[in-house]
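Letters A, B, C and D name the chains as they come in the text, with residue numbers starting at 1 for each one.
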Amino acid sequence: MGKLILQDIHKSYGKDEVLHGINIETGENQFLVLIGPSGCGKTTLLNIIAGLEQESGGDILLNDRRLNGLSPKDRDIAMVFQSYALYPSMTVRNNILFALENRKVPKAEREQILMDVARMLQIEHLLDRRPRQLSGGQQQRVAIGRAIARRPTLFLFDEPLSNLDAKLRVEMRSEIKRLHQQLQTSMVYVTHDQIEAMTMGDLIAVMNEGIIQQLGSPESIYNDPANRFVAGFMGSPSMNFLPVVPREETSGLCLRVAGAEGDGNLLPIPPKMQGALRSQLGRRITLGIRPEQITDPGSAREGEALHSIELDVELLEPTGPDTLVFTRLDGHSLVARVHPSTYLQIGSRCTLSFHMERAVFFDPENGSRLA
Amino acid sequence: MKQPAKRALALAILGFAALAAEPALADQTSLSVINWWTAGSEAKAMNVLVQMMKAQGVNIKNDAIAGGGGAQARTILKTRLMEGETPGAAQIKGVEIQQWGHTGLLANVDAAAKAGDWDKNIPTEIDNYMKYKGNYVAAPMDLHRLNWLWYNRAVLAKAGIKTPPKDWDELIADLAKVQAKGMIPMAGGGNGWMIATEFDPIALETGGPEWYRDVFVKLDAKAINSPTMVKALERLRQIEKYTPKSLAGRTWNYDTGLVAHGQAAFQIMGDWANGQFEFLGVTPGGPKVGCVAFPGTANDFIYNVDSFIFFRQHSAAGREATIKLAETMTSPKFQLLFNKYKGSIPDLMNVSLTGYNPCQLKSRAQFLTASKEHNLVPSFSQNMSTYGPPTGAFIDSLDQFYTSNESPQAAAAAMTKRVEVAKSQD
Amino acid sequence: MRRLPIYLLLTLAALFFLLPLYIMLVTSFKTMPEIYNQGILALPRQFDLYAWRHAWSGATIGASNQGIHPFFINSFELVIPAVIISTAIGAINGYILTHWRFRGANIIFYLLLLGTVFPFQIILLPMAWVQGKLHIAGTLIPGLVMVHIIYGLAFTTLFFRNYYVGIPHDLVRAARVDGAGFFRIFWRVMLPLSTPIIMVTAIWQFTMIWNNFLFGVVFTNSDQQPVTVAINDLVDTVTSVHMWNVDMAAALIAAIPTLVVYLLAGKYFVRGLTGGAVKG
Amino acid sequence: MAHSLMQRVGGKDQVIAGLMLSPTVLAAIFFIYAFILWTVWLSLTRSTILPSNHFIGLANYHDLFGSSRWWRSLSNLGIFGGLYVAISMAIGLLLAILLDQRIRGERLFQVVFLYPMAISAVVTGVAWRWLLDPNFGVQAIVRSLGFTHFQFAWIDDPNFAIYTVVIAAVWQTSGFMMAIFLAGLRGISPDIVKAARIDGAGTLRIYRRVILPNLAPTFFVAFILSAGLAIKAFGLIIALTGGGPGYSTNVPTIFMYVFSFERGEMGVGAASALIMLAIMMVVVVPFVILDARRKV
């Protein structure tokens, strides 16, 4: 249920265009995540899907039904707001029943739905309280319950977890995910938290400045970013970017870090990328490599082509499962992720292996992917 | 916006307020009479008028509106006319009647004048106010004299004064005697209207009737900015010295009470004070309180006439009722009753004043002599001498002078300038 | 005792505020000779209720001599519909101007704002003309009620608009997604949250309309006039002796409804202002 | 109109919103702005006892500004307005601060300070006329205490009568100012005050440096409201002094009323009304601009 198609959605406020032609097509029962920095247009897009804002152009289709011009209540959607937007004057029970009353659902059925939802979200004991008597997490549950009770074709979530503390956020994250499995309904989820996006989404749309930068599965977004913006936005800590110059060496095509003194370090280019990068010979381009692709040689899996370099340890950040090493390659700072058991000391040198197979290359001017 | 559109809009707005607009068309045989006689004997007299009209089958709505000595009533009159709710009659007097005549809204009541023979029974000086372009449009209710000096006999006796003052110097000397005994010499002051009312006889006494008319009727700048005016103002200043600093907003009735109760010796006030003295149980001209023409004006008569203008009615019944109203207002029965209480005398010279007090009888006698000797002058302070703006200019100037340290010369000059500005306002 | 000066100052201020009320009260219970012969602060020798009785049902006002009670009733007939309707419309307007904004909504608000400060004397004549055209001239209902509603709207709209600005817009959006329409959102979501501002607005309107003199005297005929006009007739008469005790009793009677409103609901006034109007 | 509304977000509901608001908008346009335009026209005509259509240009304005009574009205408005706004705000703020000290009987004090708002101008005027009357009021009371030379007769003195109007007006609305300031004080986050206290600031210093600056919007509202009340003051002055002694307590509202209705100089009255309106605008427009800026 809930196949959503957005075709060439535009939105402008006066002369100011905030959405420049958005195209998204989801499968049935998919979990679509809209992610991007604040001001990228993701919430505007969500509001347009909900009918809370009017698109300036383009079409919205839900299960092949055109939604343009319909008011929110006629779109068969439900929405969970960042602020929860629980009606302060109503009890939890009435908050949940409100939408059903509006839709004139018969009373007996309403009660049944209420009990089902309350049980599903374990909020039975809260039904007669008012929102201000609830904790943040409880309010969030009620807000979700209110949306579920409607049994819509499409759920919309507007950064629903951003007001919760870290532990609750993780709990609710999996809860929403579980609900998605259970309800078999499409969801559109807006967030600026890339972990939420990665963990929850079937399909992720990374947005910036009113444009979809990349639309794809979490894996493809993470491993195969379409451009430098997506590469930099997804992942924590962020991907390392180094200015490099490809040059012809006796061993084949190699990379030299730009601005390095003397000969500096050379990084090999994996064979599958050589073709694409040959045209960039002598030109300064951007190498992107995630911290986990720069690691201690011991962590490397077998069969991987690694290039090891010895570098100075400037700072260490143990996160538990692994340790982040802050270092510098030919003057450019770099973060590596090593196994926590690796013995390192600030100021000492360490050998780090670059997993160049997984490296990506971007045009420094427009950020587009070169290889 | 065109009229219908405006009307539709207004209707829409009203409908929006969820209120049904029920037509409140006035009953055609009912006439509203706008006046500011809200209390005391005048209000009672108005009720008598209502009864008398009812006996003739005419419903009178007594629209008595308090406030500001008629200011509020004028506002109401104007808004009623804007509403299209034309009243039957309104309390308007003096030269302003001519302004109203000019609007073309007034009714011709010549029929009533003929029936009552106003030309013969009412003095010409009064008649002239009631006519616009030769037709009667208004009816007089009363005839007041302003140049009275009221005094408390006991206070005078205590101060060693045997007879009331006959000229200015005597008055000043008597005031000094009263003051020496620690009593209030002169009750008065207060608002602009009261100051102007006191100045009315002072000016007449100082300049005589001719000069008075030049100043207040002809608005002659030379007469206003003259040594005579300076002298009159100096005299007002002298009176002020014998008047206790009095409260703004206090009324003349309070001052009358001071005289009646023996707290003050004198009061300069029109004969409407009669009604107030009677109310306080003291008959003027009786053993306690005496009245005498303001010193130096014994042969003169400053008059004030309250009158009603009549508005043209749409229906024949309304027009008929208007004539009846005008007739009733000038009927001997009503005039005798009304004026007895009000302290004034009837405008009709052919009725005998049985039951009137000595002061009122004196008033009638002095009117007749003054009329013969051309010593009748219209009161400026009561809006009889000229139209509104110059009257206002005089009152403002006197007010300013009385309540500040302005010199009489400066005040006369300022008065001249104000009156000139006001003249351009017609 | 550091707090003594605070209480001292407050008590002094309270005395200043209470003094006129005290004088009116004691004067209303005195006889006329007592008023003339005693200081205004002196307590009456005996509590004489004559002035109150006379003011209520005996004093001559205009053409009637039934005291102020008919006018008192007129005022209630005026103030109840005028307060309810102007408050209701103000609430809807405030709701629209904050949660159904459209281009020009601010301009409309600023246009209305002028209505809170412009001098009402200006409208007397043109309004009289309109009332005449509508054939409602001189009536309490609907004539005067309409005038009070129209010129109260700027205030009521201002109050509600400033209050509703503080209500999260997400609530309205959530309700819309939940299938509620314009009126249902207003009725079920906004109104239940509006008690403080309804109190502020109603108190304000009640006070303003009850105490209004200018519109009352101009737009009603004598038998339909509100109580303030009757009080003025009584107090501002040029031609008779003031019965100060009756004047004071009548003034107090006329002030009772507003005083009761303040006593019962005054606490909401401060609380309601906290809720919004101050955000300006 | 409906079409452009349809373009907007809310669809049908947005149209309903527009329709529901339109009566108010139309009423404002007609009953405020059209009436003002009519007054503009009136001020350009030779209207005396009734409106007329005889156009005379700016002559009424010329007469208006040639009138010393008008100038007195303006200067009175300056004196009265300035003092009234300053004093009622100062007293209001002081009372609010005192009440904000966790006072016993706060509710009672609030009611006592607020009740004058409930009393009509006519009644307030009568009560204060008594109190200020040298023969019965404060002067008589103080003299009866033995200070036989005590003088307090401002109400009779043309140079001081305007100050008695200030006293009565301050009495009537200081409580309202108190309510506004108290609301503002209660709206300040206690965290800010706590932070200042931890920083070692004393109570006075906290008020001066932390709380009062945070009350800026409240000051603004209080100023606008009291300035509006000052310019509109009418009934109170009529009831207290009747505009006198002389015309020493005339203000533009009284001038306008007297000239329009009592004097039969409607054209001049209309001109004075428009000047008054211009003064209002000078007070309100900055508010509108500031408000608009805050929203952006």
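The definition used in the following text is that contacts are C-beta pairs under 8 Å (C-beta built on N, C-alpha and C of every residue); 3 or more make two chains touch, one makes a residue touch a chain.
These figures come from a predicted structure and were not determined experimentally.
Between B-D and A-D, flag the pair that has more C-beta pairs in contact.
Between the chain pairs B-D and A-D, B-D carries more contacts.
Measuring centre to centre with CA averages, how many angstrom lie between chain B and chain D?
Their C-alpha centroids are separated by 36 Å.
Quick one: chain A and chain C, Cα centre-to-centre, how many Å?
Centre separation, chain A to chain C: 58 Å.
How many angstrom lie between the centres of chain A and chain B, each centre taken as the mean Cα position?
Their C-alpha centroids are separated by 90 Å.
Which positions in chain B are in touch with at least two other chains?
In chain B, residues 6, 10, 13, 68, 75, 78, 82 touch at least two other chains, as defined above.
Listing for chain D: what residues touch at least two other chains?
Within chain D, the residues that touch at least two other chains are 8, 10, 12-13, 23, 27, 31, 34, 51, 257, 261.
Two-or-more-chain contact residues of chain A, please, as numbers and ranges.
In chain A, the residues touching two or more other chains are 51-52, 71.
Touching pairs of chains, which are they?
A-C, A-D, B-C, B-D, C-D
Could you please specify the touching residues of chain D with respect to chain A in the complex?
Residues 7-13 of chain D touch chain A in their complex.
Show me the residue ranges of chain D that touch chain C in the complex, using the header's touch definition.
Listed in rising order, the residues are 4-5, 8, 10, 12-14, 16-18, 20-21, 23-25, 27-29, 31-36, 38-39, 51, 91, 94-95, 98-99, 101, 103, 107, 109-124, 126-128, 130-131, 136-137, 140-141, 144, 171, 174-175, 179-180, 182-184, 186-187, 217-218, 220-221, 228, 231-232, 234-235, 239, 252-253, 256-257, 260-261, 273, 276-277, 280-281, 283-284, 287-288, 291-292, 295.
Which positions of chain C touch chain D when the two form their complex?
For this pair, the touching residues of chain C are 3, 6-7, 9-10, 13-14, 16-21, 23-24, 27, 39-41, 89, 92-93, 96-97, 100, 102-103, 106, 108, 110-127, 130, 150-151, 153-154, 157, 176, 181-183, 207, 210-214, 228, 231-232, 235-236, 247-248, 251, 254-255, 258-259, 261-263, 266-267, 269-271, 273-274, 277-280.
So in the complex, the part of chain B that touches chain C is made up of which residues?
6-7, 10-11, 13-14, 17-25, 32, 36-43, 46-47, 50, 61-69, 72, 75-76, 78-80, 82-85, 251-254, 257, 272, 275-276, 279-280
Which residues of chain C touch chain A in their complex?
On the chain C side, the touching residues are 168, 170-171, 173-181, 184, 188-189, 192-193.
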